[in-house]
Structure formats: C-alpha cells, structure tokens
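Both complexes shown next keep chain A, but they swap its partner, so chain B is in the first and chain C is in the second.
Moving on to the complex of A and B:
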C-alpha cells in the first residue's frame, strides 16, 4: 500500500449549534502535517460552514470560519460542495466565501479551492477516498 | 485485516460506544487486528474512571478497559477534545493546576495525529458516531 492515502473530511452539519464542524477543522489542520492527499466535502447543513459573513456575536461562540480561508496555506486545495445541498437550502455559490490555494504546477497562481459538484459526483469523490472521516 | 476504530459520541446518551465495543469484539474473534481505538468529540467521556452506572447496567468504560487489556488495544483519547470536556490524566491535571484527574486504566491521552496515523496504517477506518 502506498504511503499517501486519500483522506476525505466529510462535513454534514451546520457550523454552530454543535461542535462537530469546529472539531473537524481541528483534525484537518493537524492532519495537514502528515502530507496525505486531503479533500474536504460539504453536504447537507455542512454547506452553511462555508457561507460568507458569518457573525457569532449573539451566541458567544468563536467564529472559526476565517480558518477555512487559511487552508490553502496548509496545502488543502480541494473543498467539494454539493450543489443539491446548496439549492435545497436556498443557497448558491455566490453565498460562499472565497477560498484559494497557490498552484505550484502553474507558477503559484491563485486558484479557487471550492468546487461545487453534483450529488452524483460527490458519490464518486467518496468512493475514490481511502479514508473518510465523517463529522 | 487491520482495522482502526473511531468513537465520536459519548457513553450512555448514544449507542456508538457500545456498538463500537461489540464490533471490535467481533472483529477480533474473526481474526482481524484492531491496534487502536480513537475517542473524539464526546467520545472522550468514555474514558472517565468516575462513572458509576447502576449495577444492572453495562459498564462501558470497564468493558473497554478489559477488552484493551486482553487484546493489547491502544485506547487513545484526543487531548484537545478531552481538555474542553474536563477529561485529564495525572500529567495534564498537574500541568493545568487542577486538583484531580479522571482517566481510567487502559486509556491514554494524546493528539489528533494518532487518528491520522491510524487512518494511514490500517486497512480500514470504521467510525461509530451519530
């Protein structure tokens, strides 16, 4: 077996209300040190994690959404978002924050990390992963 | 087959820690290896040695401690998740100036890297959560 595995972090829940989203991100940041092939997926209420303009002042909980924008620095380049989950919640790609990474194969050009894909494509992403961690 | 197990819900409220225990027992009986079980989110609460369930109920922590002892399973509790929830071993209790520790025999506190390492080193990673 190759030393590099495909890790998929599957985010299914809203960013606040439960701790799953925050503790998922903590695994992603630690896991980045292991130089595996990492991707994040956002389905169901998990798509709310990437919405822009999050403000948690009213609930006394830390707004951790800026951390997503730093993921490029951790060499995390793939954030898959399920289109149907967005549409079912009245959201579109325009409601999502901008997350970029620098492509080392293309003169370090900044490219968008968020890729909106269909439910069928998301199934392929999951099937293709070696390790799926579901939060 | 080498199987890693992740428990991500707390004891008694959720079935996850029980199902994981039954799964590991069955996997070992079928000849598989389970080198490590990782406890995350509220799953870290499984490791408290202060749990006192009624006598006619299963004792989830003691079940895990006994199984780990018999089969040499590495029971790892995530330190970040544990500290949030008041789960401390003696070292951490001293370091944080707390007057007690509560980690049961057979469990050890360590970092999230142990979860990633388990994913890399095992053939399958099986999650028991919600």
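Moving on to the complex of A and C:
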C-alpha cells in the first residue's frame, strides 16, 4: 500500500479516573483495521497505563490493562514509554507488564513491544509521525 | 428484550448481545444460536469456547480478522481461514460467535 501513514497515539493520563485511556485503546483497536503504521506513546501519568498487577476491584470499573497484550494480534508492535516519566514517578521498566508481538518476518518469534526511550528520543518519534492523536 | 432459558430470562440489547456477561451459560448459548438459526456442533463450540478464553485473557472480543488469525495460530490453517469460519457462522464469525459466547460486540466491528 502506497499511502500508509504513521499514526502515533499519545497517552498522557492515568488509566482510571477519566475515560481517556480506555477510549484511546478502543480507537487504536478500531484504527488497526485500516492497516496503517500504528505506534503508541506513553508519557507523564500515561506510563501508569502499562504498570503490571493492576486491580480495579475497589473502584468498580473494568481492568482493561490485559487488552494491551492483545495489541500484537492487531499488528500493533510499538509501545514507546518515556524513561523520564517513569523515573519521575519512582517507576522503572521492571514495573511494566510484558507485552509481546510475533515477528512475521522472523519465524513468528515473540519480541517485546514495549520500548523505553529517552525524552529526546520521544521527541523524534513524535516528529516522525504523520498523525499524532493525543489522549 | 430477553432470552428464555429454563424458566429464567436473560436480558439482551437490540442486536441480541446479552447485557450482563456473567449470566451466560452453555444452555443460553444454545438458545442464542437457535435465534441466529445456527445449530451448535463440536466445531462451533470449539470457536465459541476459544472466544471465551480469548476474552478471559485479553478482556476484549476480537475483530474478525484478529479472530481468524488467532484461530489459525492455535487450531491450524485448515480452521483459521475465512471459508471455514464463515461456513460455521455465515453472518460473521466474530459477530455471531461472540453473541453466542455471551461476549460484547467485537471491538472494531462496524
């Protein structure tokens, strides 16, 4: 396809308390059907969306974090997480859940989808995208 | 709007998807299938059970493209293809099988 655009879904907010995080994920899943080049970015409180061991029993909403692990099935293979945002919240890469995709060009080998990058690298990722959708 | 199973009623939306996912039973699946004009057999149960496991793990009902790819991965290419899946569920493998499995309408399904 000649007119594939690079879509970047930028997630800045905590997973619960507002509807932004869940809506972003829904848009990603719907948009994935259009076979564009899709990447997700997590900065600021958005990094909490990928933390492991989420439990929403106490707040009466659905824990949608397992759905991130289905993104590989939707051919979404790039989840960029800003290192500075993690550090500012006392988090590290070890606090994030494991998300993998299967590389079609490498005998379906499972590879990690989450890439922790620096703030400067994140700026490049954003500049490189044709469309940035901020949630 | 509701399905009737063994004297109890299970509410569903205007498209036939049940509103409370925890009310699903295998008996209800047979009732929904009948309303969809589908006779449940081992092959169809295999897909319905697969979808329930997928939902359990990922908390979403997959789009048809994703479902067929996932079936291909776990059950092999002779089942993970459009022809086989549409023969089982003529009005859309994801839409119909999700309805019978008591799941929401697939995400990304328009």
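Going forward, the second predicted complex is superposed on the first by the 133 of 135 C-alpha atoms of A that agree within 3 Å, B and C clash if a C-alpha of one lies under 4 Å from a C-alpha of the other, contacts with A are read in each partner's own complex, and residues count from 1 in each chain.
Just so we're on the same page, a contact is a pair of C-beta atoms (placed from the backbone, for glycine too) under 8 Å apart; a residue touches a chain by one contact, two chains touch by 3 or more.
No experiment lies behind these values; they were computed from the predicted model shown.
A.B. asks: Give one word, clash or fit, describing how chain B and chain C relate on chain A after superposing.
C.D. replies: On the superposed model, which is not a single observed complex, chain B and chain C fit side by side.
A.B. asks: Write the angle, vertex at the C-alpha centre of chain A, between the C-alpha centres of chain B and chain C, to the nearest 10 degrees.
C.D. replies: For this superposition the angle at chain A equals 80 degrees.
A.B. asks: Given the touch rule stated above, what does A:73 touch, chain B (first), chain C (second), both, or neither?
C.D. replies: A:73 sits against chain C, while chain B stays out of touch.
A.B. asks: Please indicate which partner A:62 is in contact with in the superposed arrangement: first for chain B, second for chain C, both, or neither.
C.D. replies: second
A.B. asks: I'd like to know which partner A:30 touches here: chain B for first, chain C for second, both or neither.
C.D. replies: both
A.B. asks: On the overlay, how many Å separate the closest CA atoms of chain B and chain C?
C.D. replies: Chain B and chain C, overlaid via chain A, are at closest 5 Å apart by C-alpha.
A.B. asks: Of the residues on chain A, which ones does chain B touch that chain C also touches?
C.D. replies: Dual-contact residues (chain A): 26, 30, 33.
A.B. asks: Chain B touches which residues of chain A in the complex?
C.D. replies: 1, 3, 5, 7, 19-20, 23, 26-27, 30-31, 33-34, 36, 130-135
A.B. asks: In their shared complex, at which residues does chain A touch chain C?
C.D. replies: Checking each residue of chain A against chain C gives 26, 29-30, 32-33, 62-64, 66-67, 69-70, 73-74.
A.B. asks: State the interface residues of chain C toward chain A in the complex, per the touch definition above.
C.D. replies: Of all residues in chain C, those touching chain A are 57-60, 62-63, 65-66, 69-70, 107-108, 110.
A.B. asks: So in the complex, the part of chain B that touches chain A is made up of which residues?
C.D. replies: 6, 8, 40-41, 80-81, 111-113, 115-117, 119-120, 123, 125, 127, 129
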